[in-house]
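The first chain written gets the first letter, and so on, giving A, B and C; residue counts start at 1 in each chain.
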Amino acid sequence: MSEQMVKNVVEAALLAAGRPLDTEQLLALFDEFERPALAEIEAALAELEQSFEGRGIELKEVATGFRIQVRDTVALHVSRLWQERPQKYTRALLETLALIAYRQPITRGEIEDIRGVQVNPNIVRTLLERSWVRVIGHRDVPGRPELLATTRDFLDYFNLRSLDDLPSLAQLRDFESLGVQLEFSDAPAAAPSEASDVQESLTIETMQMTAEQE
Amino acid sequence: MSEQMVKNVVEAALLAAGRPLDTEQLLALFDEFERPALAEIEAALAELEQSFEGRGIELKEVATGFRIQVRDTVALHVSRLWQERPQKYTRALLETLALIAYRQPITRGEIEDIRGVQVNPNIVRTLLERSWVRVIGHRDVPGRPELLATTRDFLDYFNLRSLDDLPSLAQLRDFESLGVQLEFSDAPAAAPSEASDVQESLTIETMQMTAEQE
Amino acid sequence: MATDPASASPLAALELPLAAPTRQTEAPFAMVDGEPVNEPPRDLYIPPQALQVFLEAFEGPLDLLLYLIRRQNLNVLDIPIAEITRQYLQYIDLMQELELELAGEYLLMAAMLAEIKSRMLLPRAPSAEGDEELDPRAELVRRLQEYERYKQAAEDIDKLPRLDRDVFVGQAELVEKKITLALPEVTLQEMLLAFKDVIQRAAMFASHHVQRERLSVRQRMSEIIVRLQSGGFMAFETLFVVEEGRMGVTVTFIALLELVREGLLEITQADIFAPLHVRAAVPRVAEVAANDDTIIAAS
């Protein structure tokens, strides 16, 4: 039997076996009249090992014999075959995220005030882990609660250049799909203004802030 | 990501998966930022196929995707890894399977009509359990019998890419060409004729002669 | 379709003891026409168990008929019905003698064969419309043909390379699965709808600043807080980036005002006309109003 054929049988057998094979088991694959010497099997294994160099698999000798296994360099990619389907985020998480985006910097307590329910700490943790949100400081009130804000990753994920790319509440109101006519204050609805509006906007904002300060 | 790395991931994934993978599944192994184009995956597959030439394994496309399998040149040797003889299937099961494969969607009653015997419920159950066959609906007749069809697992198991790859079914000769057969059966050197237009009277005459002969 | 079933049939092994001597005694069957017909192999000794296995191996009456026809190299399209019927009934008898579970279909077929036989014997008159009456065997021939093609197809499928018999899939071990958690995808629209909901619920549209403010101000507020995280003072001017233009400067300015208003920032001035300094609010009960006074005076 040719060297090449011995190598082919050894390679195919190692791949098909689904378990490690030792040299004895490999030898047993051949009929007596064609059976290679042990040295030939070993040579085939050595050649095989060499042929795997620089590739995604490798020949490895373990306790019960030889096996072909996935190389560490591609293990992470290959592992994705078993990745579970991601679950969907809850409504509560999306609301929390939206409030952080629109009202940052904001504390958990403030989110709770608006949502009317407690914010599960897991939600904030999830948002922090996903690095869509980070703690940028503490509010100077009793308990010094964390101030949450969105990150650049958040903008990148949603393909936004800046938070200004998010629709204003006025725009949200106009969305047909958003349905219910929302109630707005009597102030003229200011769409996100361009540079020319800034001056006016500044004035109004400042005035309002002043007004609110008592 | 380098071409070599794409190829390595593809090769390792196909070997690790234990099932065929299609190009979509292969693409999903890569992170978005590094994801190769479909053409690159296809190129990697083509290269892989080439690199297996003259070796004990080959890249094969089956119904659900690509897999790396033992070449038939060494299959006999490799099959010695397993002591047990592979399972044999009964004729009843194979005939039922053939009818479902070639005549799908088909009901059990229709299978029984053609085979001339009842179909043992165990046979259908076995086919369903092996997921070679599935119920794809119900025929809109009294009793609403289940419509059976083959699955992609069936194709994978028999090394096929699509139903078109099944061996072609023998032609059923209709009554007219059947008549031709009868006519020629009297003549010496009767060969199956493909002529379609035959005088009916001739046919009947022949038949009557045959009848008288009995 | 006219392949010899004996070659591919799983019965091949069993057919030998029965069929080999049969071919000798029944040789005249192939000629049929007018020739007297020999008895089927009644005297042939077959071990009862083997016979039972053999008979059980038929997949029904059509299969048995096909066997009888093929065994004698007869054409399915031209069946000597009387002879085949006789042989068929003999096998049925045998099955009954051996107390094999005989499916009702076998008896049904026997009746059908008998009926065809009797019709074959009757002279046929052309019908009034001139349509010729069909050969009584036509339906049987059709069914035999139909069955035979799927019988053949089953044999073909059996010969296909099969996983774990002829085809072995290559597998490499993945020693350590590095499972990373796939993160859920969110669309911007989903988030906006969630926001709309929460705002609606909170009925906070009376709160004008949510409505009016530019979100870049909010963003800038966050940025400023981050810059002041070290805790020290920063010169007021250093918070402005001139390159951002008037627009940027304005946004920064509003952000600073808002931060002060929310008590997140302190702005101090050592003296009138001295430079302004900014730092993050320190943990003490802040005198928010005082700070605000400062900034309003400064602006």
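Simple rule for what comes next: a residue touches a chain if its C-beta (ideal position, glycine included) is under 8 Å from a C-beta of that chain, and two chains touch if they have at least 3 such contacts.
Being a predicted model, the structure only gives us computed values, none of them experimental.
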Centroid check, CA-based, most central chain -> C
Select the chain at the greatest separation from chain C, using centres from the mean of Cα atoms. A
Chain centre separation (chain A, chain B; CA means) in Å: 40
Give, as an integer number of Å, the spacing between the C-alpha centres of chain C and chain A. 28
Quick one: report the Å distance separating chain B from chain C, using the average Cα coordinate of each chain. 15
Give the residues of chain B touching no fewer than two other chains, as numbers and ranges. 12, 15-16, 57, 68, 70, 75, 78
Touching at least 2 other chains, the residues of chain C are 168-174
So in the complex, the part of chain B that touches chain A is made up of which residues? 4-5, 7-13, 15-17, 21, 25, 28-30, 54-57, 68, 70-71, 73-75, 77-78, 80-81
Residue numbers on chain C that touch chain B, as the complex places them: 1, 10, 32-34, 57, 59-63, 75, 77-78, 80-83, 103, 105, 109, 117, 120-121, 124, 132-135, 138, 141-143, 145-158, 160-174
Taking the touch rule as given, give the residues of chain B at its contact with chain C in the complex, in rising order. 12, 14-16, 18, 57, 67-70, 72, 75, 78-79, 86-87, 89, 91-92, 94-95, 97-99, 101-102, 114-118, 156-160, 166-167, 169-173, 175, 178, 181-182, 185, 200-201, 204, 207-208, 210-211, 213-214
For chain C, which residues are in contact with chain A within the complex? 168-186, 188, 190-219, 221-222, 225-226, 228-229, 245-247, 250-251, 253-254, 257-258, 261-264, 280-284, 286, 288-289, 292, 296, 299
